[in-house]
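Across the two complexes that follow, chain A remains constant while its partner is chain B and subsequently chain C.
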Partner chain A sequence: MGALAEILFGGLFQGSLYAMMAVGLALVWTTIGVFNFSHGVFMMLGAYLAWQLVAFGLHPAIAFPLAILATAGVGWLLQATVVRPLIGRANLVLVVVITTLAAGSLIENGVLTIWGPRSKQLPPLLAGNTMIGSIGVSLHQIAIIVVTPLILWALWMFLTRTRIGLALRAVAQNEDASQLVGLNVTALYGLAFAIAAALACIAGIFMGGYRFMSPVMGADPLLKALIVVVFGGISSISGPIFAAYLIGFFEAACSYYFGLYWTPALLFAVLILTLMVRPEGIFTSRGRGLA
Partner chain B sequence: MPILSVEGVTAGYGRVTVLNDVSLEAGRHGNVGFFGPNGHGKTTLLRVISGLLKPRSGRIFFDGEDITARSARAIVGTGLIHVPQGNRLFPDLTIADCMALGAYSARARPHEAENREKVIELFPKLAERWRQRVRTLSGGERQMVSIGTALMSHPRLLILDEPTLGLAPKIKDELCASVLDISKGGVPLIVVEQDIEFLLELSSQLYLINHGTVATEIKPGESIAHSEIMSMYFGH
Partner chain C sequence: MTDMNKRVSGAPGRTSWQREAVGFVLGLAVLAMLPLVFTDSYSRHILIMAFIYAMVASNWDLSLGYGGVFNFGHLALFGIGVYAYALLTKLAGMDPWVALVASGVVATLAAVIVTIPILRLKGIYIILVTFGFAQLVMQIIISQSDITGGTQGIVRIPGLYIFDHNMVRDGKIGYFGIALTLLALSTIFLRVLVRSRIGASIVALRDNEEYAISRGVSLVRQRMITLAASAFFTGVAGAFYAAYQRNASIDVFGMSLATIVLSMVLLGGTGTIYGAVIASFVLTVFAEAMADFGAWRPMITAVLIILVMLVYPSGLVGMIQAAWGGLGGRLRRPT
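Up next, the complex of A and B:
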């Protein structure tokens, strides 16, 4: 019973973080057809911006939304500078991997210069701990588990029920036809990047609330998000959400039975097996489309 | 004043020149047909007119205004609507979604309900499949969605690129009849077609596009025999 509870809780918690990161990556892939390798850096930057605003004395309820907006702005800016000018190039996917990596490393070093290497921590969403059965958990973790599905649900509703959401889904499917109905494709690209950055910032705030922050804190979540989208398929956003939780549970089970040490190796073994059976999962543009 | 005039347009992709000094006009009344061999630049010409491809030189006027430098989005905003070749519009959207997208521009939005009724009247089949994804529709139905989406954009000039391409004879006849209906409704058309019979029935003015130039122009009033057109196609 204790094992099940621990795996369930750990899986839900990790899955939430992964889903939050992976959905942004998938959103950018489906709308623009590029991989944003600065996605992890958005997460880190978001956490630092939130930390700075809290350090200025703002209440987290004000500081966090402001940080999310600011990170969204950075996402928009990055898109306008290192992605948009390259659209139309034959080897776009590869070029953008390089430009976003470069921009990401620039931001990473900027953060290091401004805030220094000393570890920082954000206030948790909810302070305190509680017991679930026999396991001790923090209220912050419970808040993450509850809030994440709400945010993903809101994103889903935005994409499927609103006019702008419809436009985003249309651009994801056919850019020329989107222009021919009068959509502002550049603005929609910017919006996709901004939303992805906002989601990454939320993930950063989640993470900064239970772990020490550092300028490289985004690297591992980016890697995990990539694994998630490879598992889940990148042609929609529901696939990665599903895969994020699946991987969360897989990791929780592995850590419980084999130990933390073996988990990454086992995860990669499963990843490689998946790709052998379903090779179309990775880096192919076999149709894009949101929702 | 013609509703559309193309003046000395040269355009292409990368280093390849596809259109070479193309000039033509479309009047306010009656339709214009383009025909010509495959791969000789008809679609490219339409892409230049609707702003998807910028010409290297030359100018395009719509209703007297120079639209050469405008974005595709701005051109949609003037009421010049282009239905692209092929019917791979938005495979994972429903018909309802496509119609909503057609009415996205500020110009078309106020007319959304009225245009939707027109589309349903023209293509009753679409109403039956309103919530179905485009990828699950037949080729003919998808072409109806493409044209319906364009009608939702409240066109002042409608450009159709091979609307009957790859359709079975019966469906094709139905679609041709619908296109004639649209024309009778008062929207002038520019139509690219391989089916010369249909094009002759529809248009008062024809242009033969060959090797990226206007090879022959057939003006209103000049009657022309099918055999003459065939000989233009295949060379004299």
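Up next, the complex of A and C:
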């Protein structure tokens, strides 16, 4: 019983973080058709901005939303400078990989220069600990588990119920047709990047609340998000969300039964096997679409 | 990827091989003269590192530029070369020269293994799987710390030797010679390959997969050949790096090294081989010239990479061609 509770809780917690990161990656891929390798850096930058605002004396309830907005702005800016000018290039995917990597390196070193290498920590969403059955958990973790589905649900509603959200999905499905019916495709590209950056910032705030922050803290979550989108299929939003939780549970079970060291290796082995059998991911049909 | 660099590498054999051979020998002669100008061991160290980067980057150009296969595990092949050499010489007690070649073979085998899952995949999925492969290799090395030293790495790896000559003596002239020889061999191998019928079929698969297959080009076989061929000298370069540095660490699997080498390939202009070699020199020397800037160095490098990508889509080779017109660029013009 203890084992099951531990795996369930660990899986839900890790899955929430992965889902938060992976959805942003998938959002950018589906709308623009590029892979944003600075997504992990967005997460790190968001956490540092939040930390700085809290250090200025702002209450987290004000500081965190401000940090999310600021990170969204950086996301929009990055899109305008290193992605949009390249649209239309024959080797777009590859060139954007290198420009977003370079931009990520720029931001990462900038953060290192401004805030230094000393570890920092954010205030948790909720302070304190509690017991669930026989396992001890922090309220911060519980808050993450509860808040994440709400945010994802809000994103889902935005994409399926609002005009702008529908426009984003239209661009994802057929860019030329969207342009023909008068949608501002350029602005929607910027919006997709901004939303993705905002989601990454939220993940950064989650992570900064229970672990020490460092300028390279985004690298590992980016990697996990990559696995999640491969596993769940990159061409939708719901696929990666399911996959994020599935991988969260898989990891929790692996580290419980086989130990922490073997978990990443097992995860990658499963990933490669999955791709050999179902290259388009396990939760999707073929084709691109934001749903 | 379909019509990428068609202008540059679309027609193998455009430059006659005699003309290219003259250019190659001239370039090699210039490089071989460099130790006469740079006599201190520090400058030569920079050159040796540039040769190693040039090998890795130009071999990556074979799979990425010619094959159009986004192999993001290329640096893992380099890392496999590093660790294969370290383990073969230190644990198995193999002769360093034999181990140098054996490491290339090990990297080639690893490339064949990673090719299997990507045979059915395209574009972004190849990036993700090969990226995953690189991480898998790194995780295995970390978790098998009894043999590989884990995150501590391996130190005191046996170096290369020529009779009783101390390779580090005389401003590392011995290592300089070996590095240049390896780069020359690797470049000849790559150029002969891309100018051959196999090279033409690899480019054909990149440019129009359906048509190439319908004309009897085997996707499975050519993709195997592309990745395996790009792996051998990459593994040898890794082994040489291990022998030269005399230590191995998991840093070779990190994103920062991959970013630098990838920018060498893309800055040079893909599908040229020579472009990657030139860009490796430019970037390595540039990084050294910027050493005084400290923390600003990676930021300036990042900005420059972005600027070149925005302004010159075909990379440094395209820039040189544009600048020199038909005159000086003639010898350097690839294929």
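Assume the second predicted complex is superposed on the first by the 284 of 291 C-alpha atoms of A that agree within 3 Å, B and C clash if a C-alpha of one lies under 4 Å from a C-alpha of the other, contacts with A are read in each partner's own complex, and residues count from 1 in each chain.
The working rule: a contact is a pair of C-beta atoms (placed from the backbone, for glycine too) under 8 Å apart; a residue touches a chain by one contact, two chains touch by 3 or more.
What you see is a predicted model; the values in this text were computed from it and never measured.
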{"item": "If touched residues of chain A are counted for chain B and for chain C, the larger one", "value": "C"}
{"item": "Touching partner for A:Leu139 - first (chain B), second (chain C), both, neither", "value": "neither"}
{"item": "Chain B versus chain C as contact partner of A:Arg89, first or second or both or neither", "value": "second"}
{"item": "Which of chain B and chain C A:Leu101 touches, first, second, both or neither", "value": "second"}
{"item": "First (chain B), second (chain C), both or neither touched by A:Ala170", "value": "first"}
{"item": "Touching partner for A:Leu180 - first (chain B), second (chain C), both, neither", "value": "first"}
{"item": "Set of chain A residues, in rising order, touched by both chain B and chain C", "value": "none"}
{"item": "Touching residues (chain side chain A, partner chain B) in the complex", "value": "163, 166-167, 169-170, 173-174, 176-185, 287, 289"}
{"item": "Residue ranges of chain A in contact with chain C within the complex", "value": "29, 35, 81-82, 85-86, 89-91, 93-95, 97-99, 101-103, 105-106, 109-110, 112-113, 219, 223, 226-227, 229-230, 234, 261-262, 264-265, 268-269, 271-272, 275-276, 279-280"}
{"item": "Residue ranges of chain B touching chain A (in the complex, touch as defined)", "value": "50-52, 71-73, 76-77, 81-84, 88-93, 97, 100-102, 104-105, 108, 149-150, 153"}
{"item": "Chain C residues within the chain A interface of the complex", "value": "1-4, 64, 70, 116-117, 120-121, 123-125, 127-129, 131-133, 135-136, 139-140, 142-143, 255-256, 259, 262-263, 266, 270, 295-296, 298-299, 301-303, 305-306, 309-310, 313"}
